[in-house]
Amino acid sequence: MLFQPAIIALLLASLVGTLMVAASVPFAVRVMRRWDTASGSEAQLEMEKRTYLVSTLLVVVLLSELASLILFVFNADRMSSLFVGAMCAVGTLNVNDFGFPTLYLRIAVFFAASAWLVLNHVDSRGFDYPLVRVKYGALMALAPLMAAAAGVQLAYFLGLRADVIASCCSTLFSGATQVTSDKLAAIAPEASLAGLAVALILVMAAGRRALATGKGAVAYAVLSLVAFVVAMEAVVAAISVYVYELPHHHCPFCILKGEYGHVGYALYLPLFAAAVLGVGGGIAQPAASLASLAEAAPRIMRRCVGSSMAGFALFGAVALWLIVRSHLILIEPERLLSILGGQP
Amino acid sequence: MIHLSDVRKAFNQGKSNEFWALKGIDLSVKAGKVTVFRGPSGSGKTTLLTLVGCLARPTSGRVRLKDRDISGLPERFLTDIRRSTFGFVFQQFNLLKGISALENVMIPAYPLGVDRKELAARAHGLMQSLDIHAKAQSNAEWLSGGEAQRVAIARALINDPEVIIADEPTANLDSERSKQFLGIVETLKASGKTVLMTSHDPLVCDTAVVDHVVSLRDGELVEAR
Amino acid sequence: MRGWLNKQRNLLDFSLSSLSRRRGKTLGMLAVYTAIVFLLASVMLFSHAIRREAATVLAKSPEVLVQRMVAGRHDLIPARHLDAIKGIRGVQSAEGRLWGYLFDPAAAANYTLMVPTNPRIEPGKVVIGDGVVRVRSADPGDLMSFRAHDGSLVQFKVESAISRDSALVSTDLFLVAEEDFRRLFGIAPGLFTDLAISVRNPREVTKIAEKIDAALPDTRIILRDEILRTYESVFDWREGMLLVLLAGSILAFAIFSWEKASGLSAEERREIGILKAVGWETGDVIRLKMLEGLVVSLSAFLVGYLLAYAHVFHFGAGLFEPVLKGWAVLYPKYKLAPFVDELQVATLFFFTVFPYTIATVVPIWRAAIVDPDTVMR
């Protein structure tokens, strides 16, 4: 199965990304040991120049991670025709035990890389490199995470065995494993939508507080991660069902397809951006206690939290629109209204 | 406005060809005056100019600009200070070939995110005041030495800096053009700019417009007046 | 925000002007880059179009095929099996098919003989595929004769040719009437090559196949979905193999871009030094160089992709046919239906822009960290 173009591309991207970050680890160690902002020695100047390389590389890694995340899901969907019983990406990911872990790890890497870039951005606003050690410590943690994601992905692709008819006999009863997405949809649609509404309200409240007082951005970061998980659950359990207008079709991936007007992107892009920016706000706030960032960090935090709130609001609006537009009645309208009543 | 205390600068540090270009300089540069660094080649006057102009960081010692210690600042901030405070006129003029004189003048302002129309208007104004407006659309490599220098001065002024730094400004000019240059320095001084130059040209050092002359030899100060 | 936008615009303007100033180098880079994109895009577009072609053809074929096996070999199936199958619930229709291959010594080629049921062909007439028309230079009205199984001569009058558009598989077709087919091969009435079954509810295909298997133990059952799957993976595999073979060229391209990006001329080095001296920061220079790379990448990608599109869909993919298409003697001449797939474009992007970006990051950084005071040394 390895000789599929998209799989080769994904493996290549993970490998190169991991190598690039891993190659920066020795430098990170040197920074932890030798960094001295006050010194004007050539060794120090050399290190300061090297930081530009690392941050440029991380931008490249982040972009390629984002692209591979989309490519990964795309490819999983496309490959579903190769597996007996697989109807879409969920089926392909369930072909072996490494499918969903790969997806989750990829999302984790995406979050970690964005968090690092926020940290880097905050650090670059301080004239004395106030966070340089934190930053390079975090980089050392990012390397094994990326390696793990690359490894699990390799295991996943190596474990894919398509059922191929040989020309000598029929393979009618090959792998009668039926894979469905039922596991993901264990929660009732009412509960998931109510949970989503509550999570969004909490996020908005925390966001307003953070914007008004400049405090509580860490709580906001945690809440936005929770809201991210709850929102994903709601997409699987309820929102996607409204899109497909089939009561038993729960799938977080098919909404990305052309058949459904690619509406999935309108849901996921704001959601991912909102969660990432929320985490960014949580990273920026503690930095405000450093003298050289006292002015810049709160500004960055406000920008992050503000855009994150906009992202969540957009997600909520798109989700609401999808539900209202749908011809499917999953929950009686009155009850639906009472559940969604408080949603912004 | 600029104060240096015990400033040293080494090249190839830790290697066999280690070389100290400056060996402990204490110096103050006053605002609104014209100062000349004088000395033979290899005396460290250009290195001194790069430290004062935030082009490089000293290996040790302190550089203070208006009471702010800038010697330990990372490049990003040093660049910020440099482009808002200093304008440079290099010995070889260092214009970019293949693009027009006008674009050459505008280049330092690109990273500041200035609106292009506004920027072009400012550049035209500067070129007019320096009397090289006629050459605005010519490519840089077609300009004569005197014209190239005036384009370089316009470029140094595009971000409206407080200090103009010129490295050996008269080395590539005949006496006539050198006098013209000193005339420009006079107008700059009159408009309140601080001017710093390196030179070993007596024509420059002995002009009335020059307020201070600092002499260097082998990386050390020998005389300041 | 406005300032930020202005800055990006200024940088983009300047990067375009730098690219045009170094015209020779830029064009050289563009040519190599475009060639790589063209090569890879041709492979992908071609194999993808073929796969789709096969899928479209198969979509019209029956959902279930039943063949009789004797001693592990495919044998003729008796018509009485049809009744057993029609009795199974969920079967919409079942009919016997007659098909086979015929070697034509005159053309040294194999034809695929089939007996169409709708519309039927009159006895003595034949409808031929585009490839047959070519090798025999046969026109409607011409006569073609073949030796039957017992040595007697069977003559066909060409009625018409199948139009070229209907693609890949129709090229070697030779459509005859049932009587002629049976006479040619000596197949007794009541025997068929295989049975085609269509099913009312696609979800029940597997269930019905199981029932047929239980009722008729001497048969093998082929599902359309499985043929599709086999096609998919065979073509994927071939495309992948070709890409692996082309990996060498991708690597060479990456090395080439590395070399081009790091082999800065003295003039370019001086330029970067000047930019830094007049107030540009390392980050600005990196951004400038990345923008230059982006401009080159996007134009090469666009031009290469369009060229590949033209190559595959308008000029018949002359470069790759032998590798990807297969083994047929009667080589089809046809136009592939144009088709662009997002996944494919995304994959192609990964194979070209990604290696280029990675290969140039370090050289760009190395160029950008020039000390601003170098111009004064």
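Here the chain labels run A, B and C in written order, and each chain numbers its own residues starting at 1.
Criterion: contacts are C-beta pairs under 8 Å (C-beta built on N, C-alpha and C of every residue); 3 or more make two chains touch, one makes a residue touch a chain.
Note that this is a predicted model, so its numbers are computed, not measured.
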Chain-level touch network, classified as line, ring, star, complete or other: complete
Most centrally placed chain, judged by C-alpha centres: A
Subunit A-subunit B separation of Cα centroids, rounded to whole Å: 49
Separation of subunit B from subunit C, taking each centre as the mean of its C-alpha atoms, in whole Å: 63
Subunit A and subunit C, separation of their C-alpha mean positions in angstrom: 33
Multi-chain contact residues (two or more partners), subunit B: 75-76
Multi-chain contact residues (two or more partners), subunit A: 49
Junction residues of subunit C - those touching two or more other chains: 282-283
Subunit A to subunit C touching residues, read off their complex: 2-10, 12-13, 16, 20, 49, 52-53, 56-57, 60, 64, 67-68, 70-71, 74-75, 78, 81-82, 84, 162-165, 168-173
Touching residues on subunit B, where the partner in the complex is subunit A: 10, 12-14, 57-60, 71-77
Subunit C residues touching subunit A - in the complex, by the definition given at the top: 44, 72, 206, 209-210, 213, 220-223, 226-230, 232-234, 236-237, 239-241, 243-244, 282-283, 286, 290, 342-344, 346-347, 349-351, 354, 357-358, 361-362, 364-365, 368-369
Residue ranges of subunit C touching subunit B (in the complex, touch as defined): 2-7, 9-11, 13-14, 17, 21, 267, 270-271, 273-275, 277-284, 371-373, 375-377
List of subunit B residues in touch with subunit C within their complex: 46-47, 49-50, 55-56, 75-76, 79-80, 82-83, 88, 90-92, 94-99, 103, 107-116, 155-156, 159, 167
